[in-house]
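Shared chain: chain A. Partners: chain B in the first complex, chain C in the second.
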Partner chain A sequence: MIVPGMGKEGQLRLINSRVLIIGAGGLGCPAAQYVAGAGVGTIGIVDGDVVETSNLHRQVGHATSRIGMKKVDSLITHLRGLNPLPTYIPHPFHLTPQNAADIISQYDLVMDCTDNPATRYLISDICVLLCKPLVSAASVQKSGQLIVLNCPPTPQGALDGKHAPCYRCCFRKPPPPSSMVSCGEAGIMGPVVGMMGVAQAGEAIKILASALHIPPDDSASPPPERNLHQPTLLIYTYDLDSAVGPYSFRALKMGGRKKNCFACGENSTLTLEGIKAGNPNYEQFCSVPTARCTLPPEGRITAAAYHAARERGELTEHILIDTRDSEHFSFGSIEGAVNVPFGKLLMKAAAIKRDGTPASEVLPPGLGEADAPIFVVCRRGLDSQETVEKLKELGLDHGGERRIMDIAGGMKAWKEEVDPSFPYI
Partner chain B sequence: MSDATEVATIPITVDFSGGLEMLFDNQRRHSVALPAAQTSGKPANIAFLIDYLCKNLMKDPRSDLFVLDGHIRPGILVLINDADWELEGEEAYEIQPRDNILFVSTLHGG
Partner chain C sequence: MSWAALPGIRNRYFNILYFASAGSYTSKNVEALPAPLPLKKLFATLEERYKGIRASVLDHSLVTINLTYVDMPDDEGGDGEAEDVVIQEGDEVAIIPPVSSG
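And now, the complex of A and B:
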C-alpha cells in the first residue's frame, strides 16, 4: 500500500486507529475488507441481523456456510482470514439511542453502512456530539451516494470560519416513508453497493492516515493540511437500460456547517443525555404517517380462499390482474394472470382522467368492458388494494354490479398459503 | 400565445437521479426550452422550473413523489451546475442559459 502520500507515518496512524463500521451488509462487508486489509488496528462492527441467503450476492463478507450466523460474527470470521492482526470487536445488536454513544465513543472514526434513515440521523448526531468524523454511504437499486461528514471534527456550535457539515446540514429532513424502499424490497445491484462500500473504505483510510480525525487541540495550532476540503457528495449511477444512459459519477459541491443546523448549529439543544432519554424521537422524525388505503374485508380475499374457489370450479370466468413489475412477473405468476404493472396502470388512469379516453383502456383490450369479476394481486398486497380502488373509481365495477377484489397479501401470501415452491424473490 | 411570434426560452438541461427518473419517462437527462419569464413577468427561477416540470415533463401521476405542498419534497436535493442549491439561493435562483439542474433523491439503503 506504499503510494505517494502514504508511507510509514500513515501506516502507523492506521495501526493505532479504531474504526467503527455500523452495518455488516452490502456497504459494511466491502468497506470492512479494505479497512482490515489496510491494517487498521481496531475494527468494531455493529449489526443485529443474521446472514440470509438473499444477502450473499452483495454482502461479500458472508458465505453460504454461515447462513443463520450473526452477521458480525460471520464478517469477523471472514476478516480474520484476510488479516488476523487487527483487534476485532463484535457489537451483535442494532445501534439504538440508548447504546449509540457508549459504542461510538470507543472509536476514532465511524462508517455509516446502515440501511435506514432513523439510524443515519442518530449516528450523525452522536458523531457531532462526540467529535467523530463520519463516512456515510447509501445505495439502492442502481444508484449509490457517498459523503464525508464532520471532518475535520469540530465541537457542536463552533461557527467561526468554515466547518464541515453534518448529515443534517446536507439532508435536513428525511423523505416521506412512502417514497422509501429498502434494498430487500426495491432490489439492489451487488456491484453498485459494493463500489460505494469500497469508496467509503478509501475515504476512511485517507482520513486516518493523514490524522484528520483528531479534533483540534486548543493549545496547539492546527497543522496546515487541516483546511476544510470542499464538502462533496459523490453520486454513482449505473444503468442496465441503454435507453436511460451510460453509467456516471458526479461530484456535487455541498455547503459547510449550517448556522441553524438542529445538531451542530449555533443554538442546538441536542445533547447525549437527551438522545438517551428519547429526545429527539428518531423513529417519529423518519415516519410521517402515510395515507395508504385499506379495503374493507368484503373487498378482499385470502390467497388460500382464492385458490380454493378456483379448485372448486367457482371461478371459471374471471380476470386476474398481476400489478408487479415485469421483472418480478417474469420469474413466475399464477396461471392465467395478466401483467399490468402498477406504475403503468396509474399513468394510464391519469391519462384517462385528463384526456377523457374510455376508462376500459386502463386494462388490456377486452378486459375492461367484460362482466367477469376482476381479482388483483401484487407482490405484498398494498399496490393491489390501490388498484382495486382505482378500477372502481374508473367505473369498471359497473356501478357495483361487477366484483373487483384484492388478493390479500399478494404473491408473498400465495407462496405461504398455496404454493411453497413459488419463487417469491 | 396566438399573437406573440415567439416566446423567449432558455435552453437548459435537467437531470434526474436516485430513482426520480422513474417519474420522467425513465429518462435521466432532458433538454428543456424553459420560458424565460414567468406569467407574472419575473425571470424564470427554480420554483418556476419545478412547477413547469410537473406540468410539462412529468409522465407519472405520482407528483407527490416530487413536490409536496408546492415545494420540492423532503429528501430531494437540487443541484445547480453541480452545486447544492442552498449555495445559490434555492428556489429564487434565476435560471441562466445552459444551466444544468439536477434533482437527486437521497438514498438510505445499504
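And now, the complex of A and C:
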C-alpha cells in the first residue's frame, strides 16, 4: 500500500498499532477486511452474537458455512484468509459498562461498528476517559453517517483551544426507542452499510499511519506534523425512489468539544469507576418512556382468536386494516386486508386535526363512515395499538358503538399462531 | 421525492433537508420553506407542519445551515450567539437525527 503520504514510516506505525473493532456486523465486517489488509498489527473484535442467514447480504465477513458460529470467530476465520499476519484477538461477548474499560484500554484506536445507542454512548464515554480516538459509523435503511471523534485525543475537561468533540458533543440525547430500530428490523441496503464500514477503515488507517492517535502531550514519542481538519460528519444517502436520482455525500462541518458536555466538558463527573458501578445507567438513558400506548385487554384480540372468529363466520362484515409499509405488505397479507401505512395514517390524522377535513378520510373511501367493526394489524403489534387509539380519537368508533380492535402481536403473532408459512420478513 | 427533484433556489425560500428518521416522519427528503426565519423558530415551524416531530425527531437531532453545524438556541451548549441566527433566503438547512444501527 504505497501512495503519496504513506511510506515505510506509515506502514511501520500500522504494524505497531492495535485496533479494536466493536461489532462484527454490517459495518465491522467491511471495516475489518481493510484494516487487516492494511497490515495493522493487532486487531481485536468484540461481538456476542452468532451468524444468522439474514446477516449475510451485508455482513461480508461471514459465510453460509459458518451460520451458528460466533461472529467474532467467523470474522477472524475470514480475516486470516485475507491476511494471516496480524494478531487477532477475539472478545466473543457484548461490550458492557463492566468490561468496556478493560478491553478498550488494550488498544490504540476504537472503531464503533455497533447497532444500538446505549453501546454508542458507552464506547464514546470510555474513549474520552482513556484518551482513545474513536471512528464511529452508523447506517440504517438507505443512509449512513461517519464521524471521527476525540481525535487527537485530549484529556477530559481540557477546553483550552480547539479540541475534538465526543459522541455526546454531537448527539446530546438518544432518540426515543420507538423511533430506533435495528438494521434487522428497519431493513438496510447492503452497499450502504458496506460503504460506511469501508470509509471507517479509511479513517482509522489514516489516523494510525499519521500517528494522530497519540495524545499531543505524549512527549516520549513526539508526533509528526499534524494537518488537522475541522471535525466532519459525513452523510451518505442512497436514493431508491428515482432511477436517475444521484447518491449524495454531504460533509458537514461540526463544532469542537462542548464546554458543558456531560462526558468531556468542564465539570464532568464521568469516571471509569462510576461507569463500572452503573453510573450513568446507559440502558435507562437510551430507553426514555415513550408515548406508545398499551391498550386495555378489551381493545385487543389475539391473532389466533381473530382467525378462529373468522373461520366460524362471526366476522363476515368487518374491515381489516394493515398498517405495515407497502414494501412489507407486498410480500403477503391476511386475506381481505387493506393496506394503510402507519406513517401515512399519522400524517392524514394530523391534517384532519389541522384543517378540519372529515375524519373518515383517514381511511380509504367508504371504510371510515361504515358501521362494520375495524381490526388493525401491523408488523409486531405496536403501531396497530396506536392506530386504534387514533381512530377512536377521530371518532370513527361512533361514540363507542363501533368496535375497533387491535390484533395483538401483529403479523409476527399471525405467523406464530395461525400460519407458519407466512413470509414474515 | 428524490434528490433529483431538489428545488432550485426560489426567491424568499430556503431548502430544508430531512435525513434518516426526519425523512420518514415528513415523507420528504427536501422541501422549501419561507425565508427569512429566525433559527429559534425553526422547530416550532416544523412542529406546526408535522405534529409530534419535535419529540420524535427534532429534540435529539443536530441541525446544520449551509453544511455547518449550528447550536440550537435552546441548547444548553449554546453560547448565546445562536439566539440571533436567522435562516436566510437560499440557505440549505439540514435536520440530522442520530443513526445507531449498523
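In this text, the second predicted complex is superposed on the first by the 412 of 425 C-alpha atoms of A that agree within 3 Å, B and C clash if a C-alpha of one lies under 4 Å from a C-alpha of the other, contacts with A are read in each partner's own complex, and residues count from 1 in each chain.
We adopt the following convention: contacts are C-beta pairs under 8 Å (C-beta built on N, C-alpha and C of every residue); 3 or more make two chains touch, one makes a residue touch a chain.
Nothing here was measured: the structure is a model prediction, and the numbers come from that model.
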Legend entry - Combined model on chain A where chain B meets chain C, clash or fit: clash
Inset, instruction - Look at A:Thr42 in the shared chain and tell me whether it touches chain B only, chain C only, both, or neither; answer first, second, both or neither. - result: neither
Legend entry - Partner chain in contact with A:Cys261 - chain B first, chain C second, else both or neither: second
Inset, instruction - Figure out whether A:Ser210 sits in contact with chain B (first) or chain C (second), or with both, or with neither. - result: neither
Legend entry - Overlapping contact positions on chain A, where the chain C interface meets the chain B interface: 23, 25-28, 113-117, 120, 137-141, 143-145, 170-176, 179-183, 186, 188, 193, 196, 233, 235, 237, 239, 241, 244-245, 250-255, 343, 346-347, 350
Legend entry - Sites on chain A touched by chain B in the complex: 23, 25-28, 113-117, 120, 137-141, 143-145, 170-176, 179-183, 186, 188, 193, 196, 233, 235, 237, 239, 241, 243-245, 250-255, 343, 346-347, 349-350
Inset, instruction - Under the touch definition given earlier, write down the residues of chain A that touch chain C in their complex. - result: 23, 25-28, 113-117, 120, 137-141, 143-145, 169-176, 178-183, 186, 188, 193, 196-197, 233, 235, 237, 239, 241-242, 244-246, 248, 250-255, 258-261, 291, 343-344, 346-347, 350, 353-354
Inset, instruction - Please name which positions on chain B make contact with chain A in the complex. - result: 17-19, 21-22, 26-29, 59-62, 65, 68, 73-77, 79, 82-84, 86-87, 102, 104-110
Inset, instruction - In the complex, go through chain C and note every residue touching chain A. - result: 1-5, 19-21, 23-25, 27, 29, 50-52, 55-57, 59-60, 62, 64, 67-69, 71, 75-77, 79, 94, 96-102
